[in-house]
Amino acid sequence: MDAIYWPSVFFLIFGALACGFALAVLLSANIVRMAFYLVLSLAATSGLFFLAGQEFVGAMQLLIYVGGTLVLLIFGVMLTSQERFVNMKTLAGDWVIGMIAGGALLSLLTAAAFSVPEWRGPERAAVENLPIEPNATPIGMGLLGARVDQIGAPADERAGMAGYLFPFEIVSVHLLVVLIGAAYLARAKRRSNPLPTG
Amino acid sequence: MSEPTLVDQLKQKFGAAITGANLENVDPWIEVAPEAIVAVCAYLRDEPSLAFDYCNSVTAVDYLHVDEKKAAKSEWQPHLEVVYHLFSMQHKHSLVLKAMLARWRDDEVGELPEIDSVAHVWRTADWHERECYDLFGIHFLGHPNLRRILCPEDWVGHPLRKDYEMPLEYHGIRGR
Amino acid sequence: MSTVDDPRTIEFDVRTDEMLVNMGPQHPSTHGVLRLVLRTDGEVVSEVTPHLGYLHRCAEKIGENLTPRQFIPYTDRMDYLAGMNMNLGWALAIEKLMKYEPPEKGRHLRVIISEMGRIASHLVGMGAYGLDLGTFSPFLYAFRERERILDLFEEVCGARLTYSYITVGGATADLPPGWLEKCEAFLTQLEPIIVEYHTLLTTNSIFIKRTAAIGVMSAATAIDYGTSGPVLRGSGVDHDLRRDGEEIYTAMYDGYAFEVIVEKNGHYPKDHQYPAVPQEAILGDCWHRFYVRMLEVMQSIDLVRQGIDRYSRASGSYGEPMKLNQKLPKGEAYLETEAPRGQMGFYIVSNGEAIPWRARARSSSFCNLSVASELCRDCLIADVPAIVGSLDIVMGEIDR
Amino acid sequence: MASAINKLLDWMLSGLGLSVSADSAVGYIVAALIHITLIINLVAVGALVFIWLERKISGRIQDRLGPTRVGGKFGWLQTLADGLKLITKEDLMPDGADGFLFKIAPYVSFAASIAAFIAIPFAGGPYPWIAQHLNTGVFFVVAVLGLEVFGVILAGYSSASKWSLFGAMREAAQVVSYEVPLGMCAVVPVLIAGSMDMVVIGNQQAGLFTNWFIFHDPATFITFWVYLTCATASVNRAPFDLAEAESELVAGFHTEYSGLRWSFFFMAEYGSMLSVSILASVLFLGAWNGPIPVASMLGLTAANGDVPGYIGNLLGLLNVLFKGVVGVSVMIWIRWTLPRLRIDQVMATCLKYCTPIAAVMFLGAVVWQYNLPGRTFFGLLAAPQETFAVDEGWAALPTTTAEPAKPAMVERGAATSLAPRLAANQGRGN
Amino acid sequence: MTSSLLANLLTEPPGVAHYMTVGAVMFVCGAMCMATKRNALGVLMGIELVLNGANLNFIAFGSKYLDNGGPQLGLDGSLIALFVIVLAAAEAAVALAIALNFYNNHDSIDVDRADQLQG
């Protein structure tokens, strides 16, 4: 067995962390612990993004997803964490159904993943000496409409020189509208006498 | 404005309610019947020529000689006096009002004497009257929330009364 | 667009439930042992109820067992930051009862000492207020200056906090030789430092943001709640006992040129020399109360200077103290003096013996604090220390 | 760095007959370990020095001496004494507390503030002293700075006390909302340097201090001061330290902590203060280049040999650390002079002042850079060309509107209109 | 089969399949979390996990270090992942607003309480 291929060791570490904490989110009952495990799981996923060579997306995941969305989620947890909602046990029946469905889905997906021979992984020689060049700028230019990563590609293979300028604009306006709407929606309009909650 | 004219003005307005006055003292005072105290105070505050809008202090004095020898010689009967010190911001003159109360209501020991509260005439009287209630045991009728202000809530007795005995112990702390 | 047609729904931000929160008595920001119970709804304070009595020693009961001169040390411990002014108040009340007229030199000595006490007390008030708003350095600068005053007082009467120096009839001792020059030197070096305090706090934009238009008290409320001193003058009421007080107290100050520090139609006396009032500040807010105290320090410096040269020109005794067990005339007397925190009143009833029948102390901070619950309604939690700090209360005086 | 270590290991183990291949992974692991120990020491010793510095500076500001007797001349061992005290003090935990989260919160906060140092360069030039030469350096540091808020929230929630929850919520709201202007201000130097790589940004500020980005144009000058305000706020210092405002909430979220756990929060605070001020120096104040380029004048550049290059880098390191310490002492100085802001005023300054100003300055920098690409020092001097040429090698970007596979109407306009200007820019060396 | 899988994984570089398995595990955990949790915010966390599982696949297909001749997304993979992250933030904001509204009106965050539409 020749020398260990280190990047795959790191892949195992980050993968194990991501899956382990995802499972922990599933299994733990305390909502605050679930939130904390989710943070660790998404941070491990950002590590996987770095490993796959996407530095920009990894940093973006850390900044927006973990730093923004999950802080929002934790604020939601804090605002609604009355004593009776923190530890809510799920019924045993739901667990069994969930386990069966989940197991079936998981085995199906992994079987599919390993069915295609190309997906099993490149030869070590081909990958080992690939240069690690920065890819933040191609993403930036891609968002602005110039697909700089396809300059060398032959004419017919070039899938549309146009980048992602149009979707980029749509998403930014969409995000603005959604956030304003959510802020307005969150202004509670509480009935002076709450509905009979039984 | 000089005291005598003020006394006459009040007597002419309230008649019997003004029970007396002492003008020789360093601070001349006017005695008022306890029932009419609120009416007199409101009048004193609202009358433009008097305009006593500032109430310096509401306090009480306990007249009781504890040992019999002095009690025999004293020229006054045991009683409680509620003393109001008033001041006018516009005319810059001051006045002392007194109301005489029996030490205990219809002389049963333990029943607190009552007088109307002037807390709604001057807001500062609210706390002053609470202090009088706390230290002298005078019940102010109509007071927004009459409870002890300086002593602990569950303190027994009213310390500034002449016949007050320090409790033997309070929550395990030796008193005497 | 709240649902107007459906009145049953109440529109507000995030639903937070009421919380009873305790601030004090061991809270670092309240001055001494004051316990404030805040009913808060999220950040907004809906109601503040102060709880007093943690420092209650019932000094008034003790007053009924001691002769006037023996009671002097108890008056020191009421407003322990301005001991001299408390002694002066009690001494004057007894002298009013005895119709005693202190000699002219004693009068000037009392003006010098009481105004120096006012400077020391305002310095503490300014430093502690900076502490409430989160800045630590002004507190230490203020105490550095106060230390110099305490050294001067130590030379005069041997004590630094509980002086018992001014007593019935005059003072326990005359000013030591060379003291006036030291006092003059202290005043000259204090003036530029006060200008420095102005830049540090009064005109500091964050300080203005934290104090301007917060805890606004109208003149009517100020009078109705019986507030006095800088708190009253901060709301624009032109009332100072050193000018409008009783004859025996204003006699001390006659011949002294001074103006009452209060904002009349937008201007403070001689305010051209000091930083201007920022436009956010409304008359009667925390900023004005603080500004009045700072200007009063300058006023006191001027008064002490006048007192020094009148004292040096006056001749005769400094006022021998009254004999220890001198019989008090029958009758009663009530006198209020302008203490740094407000009008400190003493009411003495005597029936001819050496020991007074009743000795009542009317405390200024007691009435000033009663306004706190009115001012703190619907303010933010961070404003409560700012408002209570601006009232500059001392618990020793409130609880007596 | 890793290959050098492999050569070293190979030379050392050759005696024992073992050989280490040039690019074996052992070198990478050892290199990584060295980097991490250096960073942790930097933060730990930094915290040590800054606690002492804070006591001394606050002393000087308040007209007193600060520690003078502990351990020798200037009381410099004072922090060691504090550390020992904290270590020996008992680590209390309130009974209502959520044990696991309570224990882990300080370490989350400390890890976040250390992770920011991975992408920060301490010396530039061809062989930069940087733990992990990330292409998205600035972006990574800003992202990691945002993670510290988790430690605070967990500490506040798990201490089971009303006041610490207040403090934690306030601080979380403040740090999250100050991340927006902080990110915007950090983007302006990136825009001018043309790359997020902090080594490239640092190298572009070589030469006289006039090349520093703070003087690049009026927009960056104002952005620097907005950055400083937001950095002070996002690190919870000075006028913005609501969380541990003594006057209202006794000590904010770390009221219930004591002993070693409390010291971790303290070290995290000083660590992130240092990282924020070093980030400021790298982005605006010419990272490892002194006001006058002494290193290149003395020929201490990597061009002429390894040893001069090493000494040049050492000087660069001193520069960066000096600027970091200056940044931290400015924060300490501000803390001991200004009173504290209220929570709604802190939020107002963020949303009504910092963010709009940062956005306008960003626009100003874009317009300035577009019209005067190669200039520096408010456009008065020409920037040294060799530092500014960021060559991305797209000369071959198709300028003609060669028929792409299926051009939609809109995309064609966007693509073609941009391409010629890009090519033109390439010509002028921007 | 798994032991050989791990054995050659240590020496062979990870491929798209390995990323897909990690993505699948997160996806399944998320789906089950959405199914079983009674706390509305627990469901929200399940959604986040599902989105991250999908993101992993996009990145795996877009990365050239896992390319073994199979279908490749190239830059599109990471760009789509970016859009997913941004839109997940928007989605979380709206979901939280709804959850808060539900909490305020029904004074409970329990998902089983939301049975008004059952009629």
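Order of writing sets the labels: A, B, C, D and E. Residues in every chain begin at 1.
The rule is short, and it goes like this: a residue touches a chain if its C-beta (ideal position, glycine included) is under 8 Å from a C-beta of that chain, and two chains touch if they have at least 3 such contacts.
Note that the coordinates shown come from a computational prediction; the quantities given were computed from them, not determined experimentally.
Counted as hops between touching chains, the shortest connection from chain A to chain E is 1.
With contact taken as defined at the outset, chain B and chain D are each touched by C. The most central chain, judged by C-alpha centres against the centre of all protein C-alpha atoms, is D. Set against one another, B-C and A-D show the most C-beta pairs in contact at A-D.
Chain B and chain E, compared by their mean Cα positions, are separated by 77 Å. Centroids of chain A and chain C (each the mean of its C-alpha atoms) stand 63 Å apart. In whole angstrom, the spacing between the mean C-alpha positions of chain C and chain D is 49. Annotation for chain B: no residues touch two or more other chains. In chain C, the residues that reach two or more other chains under the touch definition are 14-15. Each of residues 3-4, 56, 60, 68, 70, 75, 79, 135, 186, 188-191 in chain A touches at least two other chains. Taken in their complex, chain D has these residues touching chain C: 58, 61-64, 162-163, 166, 239, 241-242, 245-248, 250, 336-345. Contact residues of chain A toward chain E in the complex are 1-5, 7-9, 11-12, 15, 18-19, 22-23, 25-26, 31, 34-35, 38, 41-42, 45, 48-49, 52-54, 56-57, 60-61, 64-65, 68-70, 72-73, 75-77, 79-80, 85, 88-90, 94-95, 97-99, 101-102, 105-106, 109-110, 112-114, 116, 118-124, 126-128, 130, 135, 138-139, 142-143, 147, 149-150, 164, 167, 171, 174-175, 178-179, 181-183, 185-186, 188-191, 194-195, 197. Considering their complex, residues 3-4, 6, 30, 32-33, 36, 39, 43, 55-56, 59-60, 62-63, 66-68, 70-71, 74-75, 78, 81, 134-137, 144-146, 148, 151-152, 155-156, 158-163, 165-166 of chain A touch chain D.
Residues of chain B touching chain C in their complex: 25-27, 29, 53-57, 59, 61-62, 83, 85, 89, 92, 94, 96, 122-124, 126-127, 135, 148-152, 159-160. Across the complex, chain C meets chain B through its residues 52-53, 56, 58, 60-61, 96-97, 99, 221, 223-227, 237, 239, 244, 246, 331-334, 336, 343, 345, 347, 349, 357-358, 360, 362, 366-367, 370, 399-400.
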